[in-house]
Amino acid sequence: RRIMRPDDANVAGNVHGGTILKMIEEAGAIISTRHCNSQAGEACVAALARVERTDFLSPVCIGEVANVSAEITYTSRHSVEVQVNVMSENILTGAKKVTNKATLWYVPLSLKNVNKVLEVPPIQYARKEQEDEGKKRYEEQKLDRLETKQRNGDVIFPVINPEPHTVGYSQSSLIHLVGPSDCTLLGFVHGGVTMKLMDEVAGIVAARHCKTNIVTASVDAINFHEKIKKGSVITISGRMTFTSNKSMEIEVFVDADPFVDESRERYRAVSAFFTYVSLSKEGKPLPVPQLLTETEDEKRRFEEGKGRYLQTKAKRQAQMQQAARQ
Amino acid sequence: RRIMRPDDANVAGNVHGGTILKMIEEAGAIISTRHCNSQAGEACVAALARVERTDFLSPVCIGEVANVSAEITYTSRHSVEVQVNVMSENILTGAKKVTNKATLWYVPLSLKNVNKVLEVPPIQYARKEQEDEGKKRYEEQKLDRLETKQRNGDVIFPVINPEPHTVGYSQSSLIHLVGPSDCTLLGFVHGGVTMKLMDEVAGIVAARHCKTNIVTASVDAINFHEKIKKGSVITISGRMTFTSNKSMEIEVFVDADPFVDESRERYRAVSAFFTYVSLSKEGKPLPVPQLLTETEDEKRRFEEGKGRYLQTKAKRQAQMQQAARQ
Amino acid sequence: RRIMRPDDANVAGNVHGGTILKMIEEAGAIISTRHCNSQAGEACVAALARVERTDFLSPVCIGEVANVSAEITYTSRHSVEVQVNVMSENILTGAKKVTNKATLWYVPLSLKNVNKVLEVPPIQYARKEQEDEGKKRYEEQKLDRLETKQRNGDVIFPVINPEPHTVGYSQSSLIHLVGPSDCTLLGFVHGGVTMKLMDEVAGIVAARHCKTNIVTASVDAINFHEKIKKGSVITISGRMTFTSNKSMEIEVFVDADPFVDESRERYRAVSAFFTYVSLSKEGKPLPVPQLLTETEDEKRRFEEGKGRYLQTKAKRQAQMQQAARQ
């Protein structure tokens, strides 16, 4: 539970999606670390492996209180699924609303040997179906993680004097030196810190494209394939891949360069798609300028983005119809 | 609920008392603002008026989770009493311990007119005695606030080339420019921000005196007589007033200088006594070098500090005997 | 590259020069550490040795994006010269402007033995003149560092009840306990952290003098003679030395007290001159009240400051004439 401060917000007073993602991850890390240490045995820290697709249902504003609650919903032999809910509350009016619901996967790493994954104590399910559904979600995410690992190879090249609304026009990157307060007890970056930086870059890309106030609408599933060590330099790069009438999709890459201490090369640590919407001063959605694609790759990525957009839209309509029927 | 980070801690890995005080105040501000807005009427923000004496029962370490819970325990016409409990939890071992219990008083200020104090909706008491005891606490703190307001006039003078263990040797002060993220919606400094800075100065005074690792053991009642506006420069000064065998008492003053925009003079905003203990590397209490008093004023303050020390000691022994009898 | 937040700014919404200096130093530390580790051999961290005089050409505002780019421009056997450029960009309008250009010198320290300076891999120059000019800059800064080391002995004495616009009236100092998140992997304070604190004190001195909104106009060359260790208390003191019609020069000292763990005495770690201007609410330069000098030392420092002011002015006029001729 925490009051949102001016620090956490963009120019229009809406709290960055990244701040919310960081809070969610912190809650998930606490509950899963606590669970994995609940039985006698080797001490461990839960490391974030994956965040499922997350929708931001309504923006949070400065001065509101964010209430975060977390629950373990499934355990496999080596991983924990956590469901985190965020409610924002205007303590002046008492109004509460659901901000988002997120599902995260954690893996317990030994405190003594960071490369050793420990076993997770099983949870009790109220009904057998809960376990079966959890197992299905577990299998699905495992498959998706494998697939993402393979298509993770792209690089963002800088463009000189780009035309407005092209991909090169809004693409952005930032670098960050990983300090001690970014890290867990094991000396690796908190997943939440990475997500906050990713949202920051995605927000800059979106604002550059449409020159208005923008807010995070959703984040695609994010897989954390590789740990990032204290003292590394991380480069977070973002480029726009797709625009619909009222939304923008931005692909974000995180590359880590463990440049001190290690002979290791720079590597791709994380990648994800963020969706942003443009808002008027009154908080109403605004039309978004269409992304101008130039190269074959850009056109292909635009079509893939369109595919994801239509799929999400169809899924949401199906859910709404189902909800209406109930 | 939040994980303690390296940022929050001293060199030995203990979390600063000031970080805990800031969390406590945030929890108190949330619950009392929510309560004061729970009935139809003018919107308001709860401003901290007073914190009762607080003991730090056991230190919190980096990587532990601090759990904060708050409850409204009494309401007068224009003020709210909040009880806040902090538990620290080692999520690796599951061990929990009470860190401290604090009592805070808030006053609701109108969002439209910051000088207008609004009425507080009354709470329901489970038993009549609860209301009577609350009323007694209310009257006591009211009296104490009046008294402190009058003795608030002292100034700390600098000393050139002081001898070790004199008052001048360890006295310290820091300045801070009040920025937007230090402030409430009304544009005044959060009480918790002020307390964190006070603890920072007191800690530096204590460390300069005994050259070891030190931790906050308790904080005297703190009265917030005057608001501090955004854009002010605040000077926080601390001097040692008393040492026992194993503890140091430090008096801290906060002076505000609303130097931009205003014709107002510099004024004393807050003052309080902090008690620190010195710890070995293994966390055991160490003997403290005795404070060398030189002037009449220093000797008088030492005797007054001794009085407070003996009074607290007697009170604690009485409580322990009572607890043993129950 | 990063979005400027309310935290980073003064009351009028201009980003503090200290925040920019900290970003510049981070970029410099990253590129020079990466370069010095680019060949097989002992791992090292680049430590800041010196920042050349830096002009702040235009203020940055909240919500703007600061773009930082860095390039290695010269290497000697044991040091690296880095040129860092900062552009601020209003992402809503697309307007870009140069904020400043800085030149920094780094020295590679061994990760295993912090007192061992390693060798720097040489860079390739496009033209022979580049190397010659770099060598000239290298010799010049080496000389200046030696000279500063000797004149670094002054102390700021406190003044009781000073008159407005005297030196004693605005002089200020703050203390800071060096925590883990202020430090590099080697456990010494980042140069950028020190510069940010120096700018904070200088800004308070300037604001106390003229009671208006003020911004950093330039920073004199800063030499980092001595490392500051984690756990030290640093005292940063500032006093006004000179005023022209529209600018104020403030001298800032950093003293380190490695009081835990070490028998070492307090020592002067850094000193520098900051120049500030006073701005109206519309961002126009305002006249500055003249500094009243009282003692012989103050009068001498005023004349020295005037000398620096006239020299800088002459240099700038010469540059402008040269630029006009081209």
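By written order: A, B and C. Residues from 1 in each chain.
The working rule: a contact is a pair of C-beta atoms (placed from the backbone, for glycine too) under 8 Å apart; a residue touches a chain by one contact, two chains touch by 3 or more.
Bear in mind that the values here come from a model prediction, so they are computed numbers and not experimental data.
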Does the subunit A and subunit B pair touch with the same residues on each side or with different residues, judged by whether over half of the numbers are shared? same
So what angle, to the nearest 5 degrees, turns subunit A so that its CA atoms land on those of subunit C? 120
Subunit A and subunit B: spacing of chain centres that average the CA atoms, whole Å: 38
Of all residues in subunit B, which are in touch with two or more distinct other chains? 5-7, 180-181
What residues of subunit A sit close enough to touch subunit C in their complex? 6-7, 10-11, 172-175, 177, 179-181, 200, 203-204, 207-208, 211-212, 230-231, 233, 257, 259-261
For the subunit B and subunit A complex, residues of the former touching the latter: 1-3, 5-7, 26-27, 29-30, 33-34, 37-38, 43-45, 62-63, 65, 68, 89, 91-94, 111, 180-181, 185
